[in-house]
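There are structures below to look over.
Both complexes shown next keep subunit A, but they swap its partner, so subunit B is in the first and subunit C is in the second.
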Partner chain A sequence: MNGEPLLEIKDLHVGYKTHMGISHVLNGVHLTVHKGERVGVIGESGSGKTTTMKSILRILPSNAIIKKGEIVYNGKDVLKMSNEELLTIRRKKISMIFQDPTSALNPLFKIGQIMLDIIKYSYNLEEKDAKEMALKALKEAALPDPERVFDSYPFQLSGGMRQRVCIALALIGERELIIADEPTTNLDVTIKAQVLNLLTDLVKKKNVGWIFVSQALGAVRENVDRVYVMYAGNIIEWGPSEKVFSNPLHPYTQKLLECVPKLTGKEFAKGIRGRIPNYFHPPSGCRFHPRCDYIMDNCKKNIPEPVEVEHEHFVSCYLYHRR
Partner chain B sequence: MENEYILEIRNLKKYFPTPYGTVKAVDNISLKVKKGTTMGLVGESGSGKSTTGHVVVGLFPPTDGKILFKGQDISMPLERRPKNLKRDIQMVFQDPASSLNPKKIIRDIVGLPLKVHGMVSSREEMEEKVSKLLEMVELPPEDFLYRKPTDLGGGEKQAVSIARAIATNPSFVIFDEPTSALDVSIQAKIINAILNIQKEFRLSSLFITHDLSLMRNISSYVAIMYLGKICEMAPTETFFQKPLHPYTQMLLSSVPVLTKEEEELKPKGIKSVGEIGSPINPPSGCRFHPRCPFATEICKKKEPKLVEVEPEHYVACHLYSSE
Partner chain C sequence: MNAIWKYVGKRILYIIPTLIGLSILIFVLSRVLPGDPARMAAGPNAPDWVIEQIRHQLRLDKPIWVQYYYWWVDLFHGDLGYSIYTKRSVTVDVIEYLPASLQLIFLAAIFEILGALALGIIAGRYAYRLPDNMVRVLAYIGISVPSFVWGLLFQLVFASLIPLFPTHGMYSYGTIPPPRITGFSLLDALLSGRIDTFVDILWHMILPAFALSLGAMAQDARIIRAGMVENTEKEHVALVRAYGIPERTIFSKYILKPSLVPAVTVMGMDIASLLGNAFMVELIYQWPGFSRYGINVMLNKDINGIVAVVLVIGIIFAIANIIVDVVVAYLDPRIGRRAS
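And then the complex of A and B:
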């Protein structure tokens, strides 16, 4: 990818203060999104995907501590921004779509009211213009009968429609980056496909940057340009989507892909032994080493530097250091 | 004479009265499960797949219709079910966290059915049997026997539920989405445990899921449900080679996949549209007709019958009926 990155996360370390001590979740996460690029982030639950995303908008819970790192958005560090600047970014530049559309929409207000509030507040528009903008957004999100949706309460809509409303909200105005955190996990298979198609189409059409976070590996593969694989608070492998999925390099990525049941019904994998580490006392060195089949001495001591194995396809693993 | 079918469901109906009207969760379905095989029941939310499982295990009495287990009618309410039937039919639920008593230790949870059915006479014997069961689901007994469910991860809890279900040596187990709450790497472990147990005990089972790829790997027969009806039923191999019902094709085309080989299995030229109808007021005629690209006049008026189009391959669609 050429050109200036839209968003660049560098060496991000985030932990959470709890009554049991500090849990060291993110351990040097990095991520780059260019303008109009579709980027996928995959990993299992507890790997730090959501923490990373929430750091970008600085909407982490109050017990989170950002220990180190930079999140550069359009040349400015989000972590050093004033409240004022941060609000502009949240209102007009970056938006987020959450996993559960039901809890993302206030049940006491009609969809129209929710949208109008946001639009009026962010863009200083008159009621009439704001409504026009809202209806246009609903229409773009392929909601049949936008007027009716505008006049409904969230509970009157189905799960798929609610998520479409959230997509409409996320794409209002001139957004530059959309973060979708497991946007289709709660939906049915056929509805999932519809919502995902809609989202990809809109992202392409509007040429906005898109971070698609998901555990559904197949869905990520089919919809993004580049993909990052996360394990226990680290990015362990990244590269063009086609390359990562057809030629996974990191032992974890390889195992993870094997674990996904295939439509062709081929041999079923045995799973990965052990479980995601305890973040209060994370393993030293490469955090995957206690579960890895190819463990070497070095793995326990140091975090492996990334290696570019093929064009733009990187991996953080000592297995590839000797070559 | 030995009966070939362990479970036969004939014209089963289960209606739930609600203040808004009657929910026809399961509406006149018939299916048979051969001894030693796994029948996969696939459908999206509201299709009635879980209700079917619950009726078979006896959680609700059927509104109408018959359930034959080893040739014996078991459609009576749970209180009147003979105890040996309860021993012989077991169930694994979707959410392991809410199906295990958080205050009890694993030994007592898995040991309870043994005690209830008088299969052990002393505590030592129980402990020994429970240890064997835990080994079968790959939980080392020395680590797990005295722990409580709250100390375990999701996958481990589900393994405990499976150990409890097979404790009484049942001949039929219903798995109700046992892995839908788990990560893929853990899902692989649990599925492997289930596959091993099925082989070892020559278990027959009903496996309920919304994941077609998983179904492919685990079941010998597949039944697809939509809004309380079965729309297609076939041996797994045939089913994936030749999906007939338009809904089945839509479902298959919506599955995100990881490899090129799998992509070839997905039906082309059909796209997911529309939303699942309401089970209170389902569409007339064929319940799928509002979403079906091939719908004709007859589909709106007449309900298609489930017909056998080739040996053991049943489909309920006007496209395939001779009339």
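And then the complex of A and C:
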């Protein structure tokens, strides 16, 4: 990909302290987004996608520990930033759309109160101008009657409208990067397509950097430039979207793509044998080896180095080390 | 605004059947329990005709529904019946003793609310750290030790060993009580312009009110703390943090408000139950209050007194309930709107 990197996550290790011990979730995640680039992240639930996204803005739950790694944004490491610098990133540069709009909006505050607070701290505006800015964002997110939405509590809106409100929040100001963490997973099937179209259109129109985390593989395929495949806290394959989807290399990616149900098919999707590992005692070596059909001795011992199999299409798997 | 008034009106309507039910229950209970109130009032050596006379005076010689009917007739004339314990109208007793208890409970409620908020917020703010651990230990002690033990302990420490506060009563020796205007001695002292008497009464109230408030304070501090710890990890807090709202605002606004909703409910009930729990503290501090009166009428099987005491406590619970409902509806818009 041409252009300079906007965001570069390097070797990120994040765990969670629990009463059962430390759960080692992220195990060396890396991810790059260039300016104006649309990047997809796919993988099973529980593979650490949300943890990675929340690390970028440093909004992880209080029991999370960032063990090592760098999150370089515009040349500066977010993890080493001062509070002031971090607030600037949160207020002006990166915005995030959360998975579940119902739990992401505080039920005791009106949409307008939350929006005004955000705008007030980000842009130091008079109440009147701040409200105008909020209404403009709501309108952009295709909410009918923005005045009414502004004056509503979250429980007075439908799920789809709530997610549009969250999209509106992400649109306030001129952002450089929008993170959408499974923005349609918790919506009704009938609304999913609408919200997704709205979001992809806005991203294209504004030409901002975009990280699209989703289980909806078809939507990812059509709407991103490059895609990362995540499994159990590792990036196992990445490359240009059309290459990864048409020629999946990692056994996990192959299985994951087979899982997409086909309306025309007579059979159910096969699924993948086994499940996401226990993060308290993750498997040694490649974390996918207990579920893999092509397991070799080396897989249990070491984490495979990435190999560039075709131009800009990388995979971390010993199957491609033989040559 | 309109919705909230409609909601309040509805709540007030709901308490009427509750109170009527309560009156029937306590009326019947007070009369079917073993023991003859007339015999207890007259004494073991009284001749039968005296007993009969008292029975007639209390209408105990009539069927119970007739008694209940006349109780209502009397009530509409402002009469709660004759007390065999104080030998006068129960109405007079209520007017005399209730204000003293209410003002004690009012002060205890202020201590309770302020203390619970302060302790709960400190513990929530520094969750799992030293201040939180200290509050948790304090709260544990506060919940497990009954209020009369606190009452005795405070008398020993703050009145006897370190004589900061008086040990009992409402006034210091030699103080002439203010003229009775409202019945609330604090208010009467203020109304008649006697600031020194006001301070004197307040001084007498601090230890009993504090002893009374501790149990509820500890419980509500724990509820506020638990709410804050829980809400800190909510997704909506992650959202406002992600958009650069400073931690102070997140804490004092987006975490605090949802944490107060469950606490307010419990607080209201705790404050209402202070009236019932106050009797030990009132006894220890010789406070001329309603709870002490309540325990005395129960021990003397004063049927009209018992009914009046239970109903007054019932009314106070009902009022506390309405206040709680309104405050909760104000804090949590989902509740008020849904009901209307």
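The rule is simple: the second predicted complex is superposed on the first by the 318 of 323 C-alpha atoms of A that agree within 3 Å, B and C clash if a C-alpha of one lies under 4 Å from a C-alpha of the other, contacts with A are read in each partner's own complex, and residues count from 1 in each chain.
Rule of thumb we're sticking to: a contact is a pair of C-beta atoms (placed from the backbone, for glycine too) under 8 Å apart; a residue touches a chain by one contact, two chains touch by 3 or more.
The structure presented is a predicted model; accordingly, all values stated were derived computationally and were not measured.
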Subunit B versus subunit C as contact partner of A:Ala64, first or second or both or neither: neither
First (subunit B), second (subunit C), both or neither touched by A:Leu202: neither
Touching partner for A:Val149 - first (subunit B), second (subunit C), both, neither: neither
Dominant toucher of subunit A (residue count), subunit B or subunit C: B
Subunit B versus subunit C as contact partner of A:Asp117, first or second or both or neither: second
Partner chain(s) touched by A:Lys255 [first = subunit B, second = subunit C, both, neither]: first
Partner chain(s) touched by A:Pro107 [first = subunit B, second = subunit C, both, neither]: second
First, second, both or neither for A:Met230, with subunit B first and subunit C second: neither
Touched partner set for A:Ala141, first subunit B, second subunit C, both or neither: neither
Contacts of A:Val25 with subunit B and subunit C, given as first, second, both or neither: neither
Complex contacts: residues of subunit A adjacent to subunit B: 44-45, 158, 160-161, 188-194, 196-197, 215-219, 221-222, 245-246, 255-265, 268-272, 275
Subunit B - residues contacting subunit A, complex: 44-45, 153, 155, 183-192, 195, 210-214, 216-217, 236, 240, 250-259, 261-262, 265-266, 271-273, 275-276
Contact footprint of subunit A on subunit C as seen in their complex: 232-246, 249, 253-254, 257-258, 261, 331-334, 337
Residues on subunit A engaged by subunit C in the complex (per definition of touch): 54, 57, 59, 61-62, 87-88, 90-91, 95-96, 98, 100, 103-109, 114, 117-118, 121-122, 153, 155-156, 166, 169
